[in-house]
């Protein structure tokens, strides 16, 4: 069998938990889906060089690099995958887009609306995506189709909870997630962003919101929890809750939708 | 064994679903708990006389009556139990309290805050209660004790959903629950009142709220659903949802509480 | 409304846990179902006279008696309800049937097959029942109808577990349930009898069985657990497990049926 | 980082569903665990050459081959992984062991006890394993440790169900699983073998068994379902059920253990 697939050379910027998750995805996707590309793990880029070498060896990246600016401009790179702390999303994405690369960016997309708009403008002419992975869960993809086909009828209620419990744990040295300048937000960007993306995708635009943001840990710069009430343009109403202080729930991502013809419930994560 | 229990003669005003539930409770309580009273089902009072006779026969009420005003003033009545449509709660409760009766009143207590304050003032000197039955569910009583003893630690999250699905059903002739003048509200008084009572009882005062009230049925006078965000005085935050349009949930009353030392979940109703 | 119901005077023999359960049932049935009888709690009969008086007072029995022989022959008694330890089931049932009474008997029906056959012969001409209450659970009644109508298709598998955990608990003074002469068996009569009754009722005759009976408690006279494999006459195969040593399951009575057109699962008890 | 890992060249015999599962495992294991080997997907061997090429391309096997006899004798092969229909397990395993290879064999190990004994003798001097993957599920590994440490106390009950529902589906052309000469058995080898392996591993030797084997499909050569009662050497008793006719359960592999100090439940598969 002649292999006529186009080769895509990937540069990954960042090498933490999400870096490993994406490395895994790049290795696995061709085994389970018939894709028209050969994905090549070309270069992984990060600040902590000793960890970077170990990770490159474990996950099969060909090269390592310490400087993202030069990496995103390399002629031999087709794709830039951004898994860094949130504050680097915008500069890397804009530079990569300007260099004509395919841009893949972790969520939350940006530190604020202005950054997001700049990124969107820069990436207008290159293929790009934000890693909202839950859209591709088969059950969610089916829900999307059912809702598009009107199988749930008129939607009345939308209810999303994303509950984690590690908020009170000791903060590791150098943890960027609690640093407002690095992370931009806490549960809002980390957890609520997933729930809001699914809501917009499945149930359409939100017309009104009211919310409560709460920080429980003394002195913490970012939010620990957020609650939202929403009215959707389709006439339904919804509640959202995202928190790192739901003791008892390690990682519970749950979604419920009630329409005039039926209801759906998803336990997207429930350990 | 000499029976030295005090006899309490009860008048029930109203004879619908809750009238049957209370009749059952009056018959049963002495079988399962050691109470110092002999409860006597003396008179049941209602507007629909043919149904009233049948109900009196089925549930063992000694007499029937059509006029609550004279019933609540009868010398031989000790207790007035109010199971009428909401708009009669206040006049009956005030009259019964002024006649020195023990007053038991269904929820929601009143049509509005002003009525409730008048009722509270009138009943100041008589034993009285509102039928918030969930407080007496053994698991809730245990939760109350655990929370009072600090076993859950500092409370972070409170989450209550009361979901029913009969909102879109055809409205029966003469249904008072959709009539604003008879019911005062819809899901707010009928369902949310239970959730709010439990929240105040278990988790203390609410300091701030934001809410959405929604009517889905065209032309309906009362709310079909209500969403609430709350901050509690103890520093926790909460969400409440009560609805008659949660297709798929006949009667789901669920409560979750997360504290620093543990979490509780109750499926108070879940068919 | 003229009351034209026939009065049935009931004598209950036995006054333990099941005596209370039946007293409750007799009080309640007319409130929830339209029955053609006035049920009268006439006399309760037992060996422990002080407890008997207290129970009669609490549950509204008119009289107490210490001698079942004379009670079952009283002209003013229509129904004899047998809630005694198992070894009295046969003599009381036979005597009551010979006196022409309606006979209601707790399970297990008898100490052995021979006794059961004598009882069946004696009761041939009087209304009678064994208290297999699960048949009347609405979901089971519906299952029966669905299976009769062929809605489950050809049945392949039947699986029943009745799991309790109190086997290792200290044995109270005078507990008849561990006494082979009083109880006849342990989990077999107490728990498996329910599962087998439902199986025969829902799935028809059993053609072959293999079983394991086990006593875990040293010196105990009766079985603590029983396992059964069965072939049914309809071609399906089944497993049964009944035990008082399923630590972690206070009272789990579960039933699953798989047929060619569908499957059913019932959690009849699951605390 | 200098790579000092020992290279192991693998030959896989068979290329069906389990061939894909093993290919995936070989690719993934080094990403998630720190292993001292470089695993090389050297050659995949099968009878259907066109499918074999496609699979080799999709899963990254270097070579393909049609003749297992010559493959298992290749000097450049270190490991032989057997994923063929059951009847080839013994000849391939014996040949590979005699050639000094590491032998990995799918379950059920053999067509019968005699074959298994011949295989065990042949593989005495080479590293070998049967693919009983559930032993490595983290929860099962923890259960094993807890039970070894006596944390569950004396074991009373063991209950395993492995329920699938595809038995009545149309049989694809050339399906070896229903052919007695190729498969040896049906649910017994395919499903029960997993349950029995876990039971022996977790709960020790079985001293007595009684079983029912059933074929529901007309004319089918292998069993569709099997039920087993067992006494274990440790004094506990158990039930096993494995079936392809549990309509409603696509793939439910459940295990429950009750001991004097606690109970465990595992839903190893439950879609």
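Observations on the structure shown:
Each chain carries a letter (A, B, C and D) given by its place in the written order, and its residues are counted from 1.
The working rule: a residue touches a chain if its C-beta (ideal position, glycine included) is under 8 Å from a C-beta of that chain, and two chains touch if they have at least 3 such contacts.
No experiment lies behind these values; they were computed from the predicted model shown.
For the self-contact between chain A and chain B, the two sides draw on mostly identical residue numbers; the shared fraction is above half. Each chain gets a centre from the mean of its Cα atoms; the one farthest from the centre of chain D is B. Note on C-D: its contact pairs, compared by residue number with those of A-D, B-C or A-B, agree for more than half at A-B.
The centroid of the Cα atoms in chain B and the matching centroid in chain C are 37 Å apart. Computed centre separation for the pair chain A/chain B is 45 angstrom, with centres defined by C-alpha atoms. Distance from the chain B centre to the chain D centre is 58 Å, each centre being the mean of its Cα atoms. Residue numbers of chain C whose C-beta contacts span two or more other chains: none are found.
Pairs of chains meeting the touch criterion: A-B, A-D, B-C, C-D.
Residues of chain A touching chain D in their complex: 1, 3, 20, 23-24, 27-28, 30-31, 53-54, 57-59. The touching residues of chain D, counted against chain C in their complex, run 156-157, 159, 161, 163, 165, 168, 210-212, 214, 216, 225, 227-229, 231, 235, 237-239, 241, 243, 245-249, 258-263.
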